[in-house]
Amino acid sequence: MSLWEYANPVKFLGLSARVQPYLWAAAAICVSVGLTWGFFGTPEDFRQGSTVKIIYLHVPAALMAINAWFMMLVASLIWLIRRHHVSALAAKAAAPVGMTMTVIALVTGAIWGQPMWGTWWAWDPRLTSFLILFLFYLGYIALWEAVDDPDTAADLTSVLCLVGSVFAVLSRYAVRFWNQGLHQGTSVPVATGGRTVADVFFYPLLVSMIGFGLLFLALVLYRTGTEIRLRRTRALLARQGRDA
Amino acid sequence: MTLSLRDLAVARGGVPVLSGVSFDVAPGTALILRGPNGAGKTTLLRTIAGLQAPLSGQITGAEDTIAYAGHADGLKAMLNVAENLTFWAEVFGRKDISEAIETYQLEPLRDRLAGTLSAGQKRRLGLARLMVTGRPIWVLDEPTVSLDAEAVGMFARAVTRHLAGGGLALIATHIDLGIAAQTFDITPFRAMPDDRSGASDEAFL
Amino acid sequence: MPELGKYAAEVMAAYGVSLALLAAIVLLSLRKGRRARAELAQTEQSLGKARKDG
Amino acid sequence: MIALLRRDLMLAFRAGGGFGLGLAFFLIVTILVPFSVGPQSDLLGTIAPGVLWLGALLACLLSLDRLLALDFEDGTLDLLATAPLPLEAALSVKALSHWLTTGLPLVLAAPVLGVMLNLAPSGFVWLVSSLAVGTPALSVIGTFGAALTVGIKRGGLLMSLLVLPLYVPTLIFGAEVARRGAQGLDPVTSLLLLGGITCATIALMPFASAAVLRMTLR
Amino acid sequence: MIALLRRDLMLAFRAGGGFGLGLAFFLIVTILVPFSVGPQSDLLGTIAPGVLWLGALLACLLSLDRLLALDFEDGTLDLLATAPLPLEAALSVKALSHWLTTGLPLVLAAPVLGVMLNLAPSGFVWLVSSLAVGTPALSVIGTFGAALTVGIKRGGLLMSLLVLPLYVPTLIFGAEVARRGAQGLDPVTSLLLLGGITCATIALMPFASAAVLRMTLR
Amino acid sequence: MTLSLRDLAVARGGVPVLSGVSFDVAPGTALILRGPNGAGKTTLLRTIAGLQAPLSGQITGAEDTIAYAGHADGLKAMLNVAENLTFWAEVFGRKDISEAIETYQLEPLRDRLAGTLSAGQKRRLGLARLMVTGRPIWVLDEPTVSLDAEAVGMFARAVTRHLAGGGLALIATHIDLGIAAQTFDITPFRAMPDDRSGASDEAFL
């Protein structure tokens, strides 16, 4: 019994059907608790006023936007190396979710920027590299749509994801070199060891982050199932319509 | 060097098209592939030429020995006949294009841009390309499309000469070419809808 | 309803847009999923293919 | 390989010119800029290095479009894939011929256009050197994009979408060099970084391109 | 004619989207501008109207590329020319479908990109209206350019070269409207002129395009 | 309505190719054009279809009555078979595609994207397009390229039916189609090098 067994579409569908109810429930609970707590149950920041409440959307979304790309990278590698279809389809399924997260982070950031920095948008390294990430999502999704043959599409998008990752990192570095920004630094403990956000803000934020993560997972599982079914329909029809 | 297929299965668009195909073509002989439209001749030939991977089965003797001519001729409209041939000769590390020009009577067209040739003249040039590759195995997909009777004769002579020189040829066609060769009908090898010979979509069936 | 002060519009807009986007991706996924299921069921039925699971 | 290079160059000259056209596009974009942002010469001077780099990038991009597509359509790529020539080499040659027909003329023409946009005198040498160092990377990355979209009809725009984000680092460093040069600052660090990117892409991208092309041809 | 429009739109959506891609290109060009001219927001604000117009123009141009070329290659144009449909009408429909899939999305997206380039608040409404009035002219003129270059392989760049000068009046007035709007001056005169250009091109260009296309097909 | 050519001269690339061609095709009959590669069949047919102007001479009966099928099929790879046919039917102001589908046995392929058809299947679809135009004159350039014997039969039946319905057909081909029709060989009409039949370069001779 190895993990790879779940690379079989049928096995995967079975497992994902069993896990999904819990996942959806957990995601719904965490997201709503985190957001409600953050929205209703936290005080205003002395400097940022009530805008600090945006953090419960902005940071989890930004986090998941990056993690989603990372997950797609891993899935693409698995497809390229071991050629498990579920893996490729999972990457395909994750892309729109990741892009949505990116858009949420961008929009909430822009809305937050207006009161804090006095501008909707600034060419700050953090913001800019995020915008580039958005472009990579866009290109990735467009490539999936444009290629007819599913396997070729999986191959091409995987390579694009790989090369894109390298260039995304490179862009991030280049952008930082090009401009020193005003976006604030990392405030989450995993990255810094200590934290710069007070506990009152931190716990709801943590719940919200977990919630976004679970939501992402649930969505990806569900959407992968959808892709598998579409692929099966296509396979059945293709084999039927071949003769004559 | 013999070209051998053993229990080959091929797919197009992820769907198995043929399975269980086996045959040998010995040097000095040609094999004519037959089958109705959509039977899978093009797919089979592309697989043998190495342009796509087989689903399963073995192909031996095909490594770096094949000159392939498909529906498209790989001609540049803005190069003339001689330049087109010279280019392909050089890609295959050769120089001489006079034999090809002569066999297909391209001399009068030598300096015409390929884009201004008629359909049949273009095809003649496309076939002439095979001769400059120096490859022993010719894999041809409907080579005589839009050729007139005389040009079909040129082609038949070129193939016969190639075979006499120890080459071999595999030709898919719907019409009679006037070449002494065995025929292989691929119709019986059509893959069944639930065929599981390694196609990429079989996990989804 | 907490007191949002002078930034009420911003905060509400941020929450509104984000929740709308989340809802959109969830609903679109569900709709696509439901269609895929229906299509597959119909195809399987017309081809008489049994199915190993849901 | 030399045959391929020669053929590509010949075709570029004959087919109504990949040669002149990239250049002409560069020229026109540069000319349209004053029409669109207005003719104040100090403003133009400020944005000149950036505009020239952007124009060069777009000119490269547009001429990429058919770098492989034509060869795909008429079956040449199929035949090349079965020819005794590694696909990596063939694609490197294609990138080289693209650079020779597009990048190089841009490099040579840039000073003239710089004059038209009122570029500061100190900027010329840096503009030219940044383009000379940076445009090869554009060709190589572009070949990758062309290979990705080769089988796709109407692939031109999709290719732009895929390639432009990949061009970002090159553009940033290239424009930085030109801008710092024009402002009299020291552009050497950026130029070195730009050179590093170019070398790395030339060394690595052909493999990615060939891999991708094999997938599309299949 | 409705059949033609429907088919073109269907193809645009299916073929990996003429729809989204023009837009994406517009977005990318706009994003690349700060990378090339630098991130100072006041400078960006000054050049924003011009850059947005130029970006829209280039996005239109790139998607023109295959407006007719694909139909030519697979013989559809030959067949349409012998069909009981005046070529003028067919080309107008093609221009319309081009505008619907490219121009319209650009108009809708322009405000967002205006934000990113720090466009002055007073400029938004004028930017959008100038684009709404001006982009149809871009599509119609572009169809003419596409008809001129339809038989030519690697015609993309050549077409850009032919079309860009024709775009100049539209660009001048369009950018003028947007710029005056952003600076708080009165842009109505320019807008009227822009509207005049658009009406005239829509009325006349299809005849020129059809005439040219008949010549190329011959 | 009879299609008549009177003393027609045609050119390609500015060079006269044929001159002095005259024939009539009456309703209910077909005429098969023959001639070696490069003789000028394609050029003649394109002229008759109105895609290029004749150098001199008259064509009568061709105005808005012709459906032309050349080497390229005018199919969109991204539309399926039914959509392709429907589009052409609508362009010609008609609706019904079922007869075309039936004649060429395209029913099983109806929902396949045209880009995924084999060469012969594509050609069948291209020929089916003629039937949805409702035009009385069919002008066909090598229609049976890459068709198998069975499909050639379908084509022959379609033409016969078209003729029986009062239509007429003009077909250039190198092979035997199995259609009862007169043959017209264009070889004798090849234009002489110093032909002055109105070509664009004659002022320079």
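Lettered A, B, C, D, E and F in written order, each chain numbered from 1.
Throughout what follows, contacts are C-beta pairs under 8 Å (C-beta built on N, C-alpha and C of every residue); 3 or more make two chains touch, one makes a residue touch a chain.
Fair warning: this is a prediction, and the values are worked out from it, not measured in the lab.
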item	value
Minimum number of chain-to-chain touching steps separating chain C from chain D	2
Most contacted chain pair (by C-beta pair count)	D-E
Centroid spacing, where centroids are CA-atom means, of chain A and chain D in whole angstrom	32
Centroid distance [mean C-alpha coordinates] between chain E and chain D, Å	24
Interchain centroid distance [CA atoms averaged], chain B/chain C, Å	51
Contacts with 2+ other chains: residues of chain A	132, 135, 138-139, 142-143, 146-148, 178, 232, 236-237, 240, 243-244
Junction residues of chain B, two or more chains touched	13, 38, 71, 77-78
Where chain E touches two or more other chains at once, by residue number	15-16, 21, 24, 28, 35, 73, 153
Chain A-touching residues of chain D, taken from the complex the two chains share	144, 148-149, 151-152, 155, 158, 161-162, 164-166, 168-169, 172-173, 176, 190, 193, 197, 205, 208, 211-212, 215-216, 218
Of all residues in chain F, those that touch chain B in their complex	12-13, 35-38, 42, 71, 116-121, 123-124, 142, 145-151, 174-175
Chain E to chain A touching residues, read off their complex	15-17, 20-21, 24, 27-28, 31, 34-35, 39, 41, 44, 115-116, 118
Complex contact set, residues of chain E against chain D	15-16, 18, 21-22, 24-25, 28-29, 32-33, 35-38, 43, 46-47, 49-51, 53-54, 57-58, 62-63, 65-66, 70, 73, 152-158, 160-161, 164-165, 167-168, 171-172, 175, 179
Interface residues, chain A side, partner chain E - complex	110, 119-123, 128, 131-132, 135, 138-139, 142-143, 145-147, 178-179
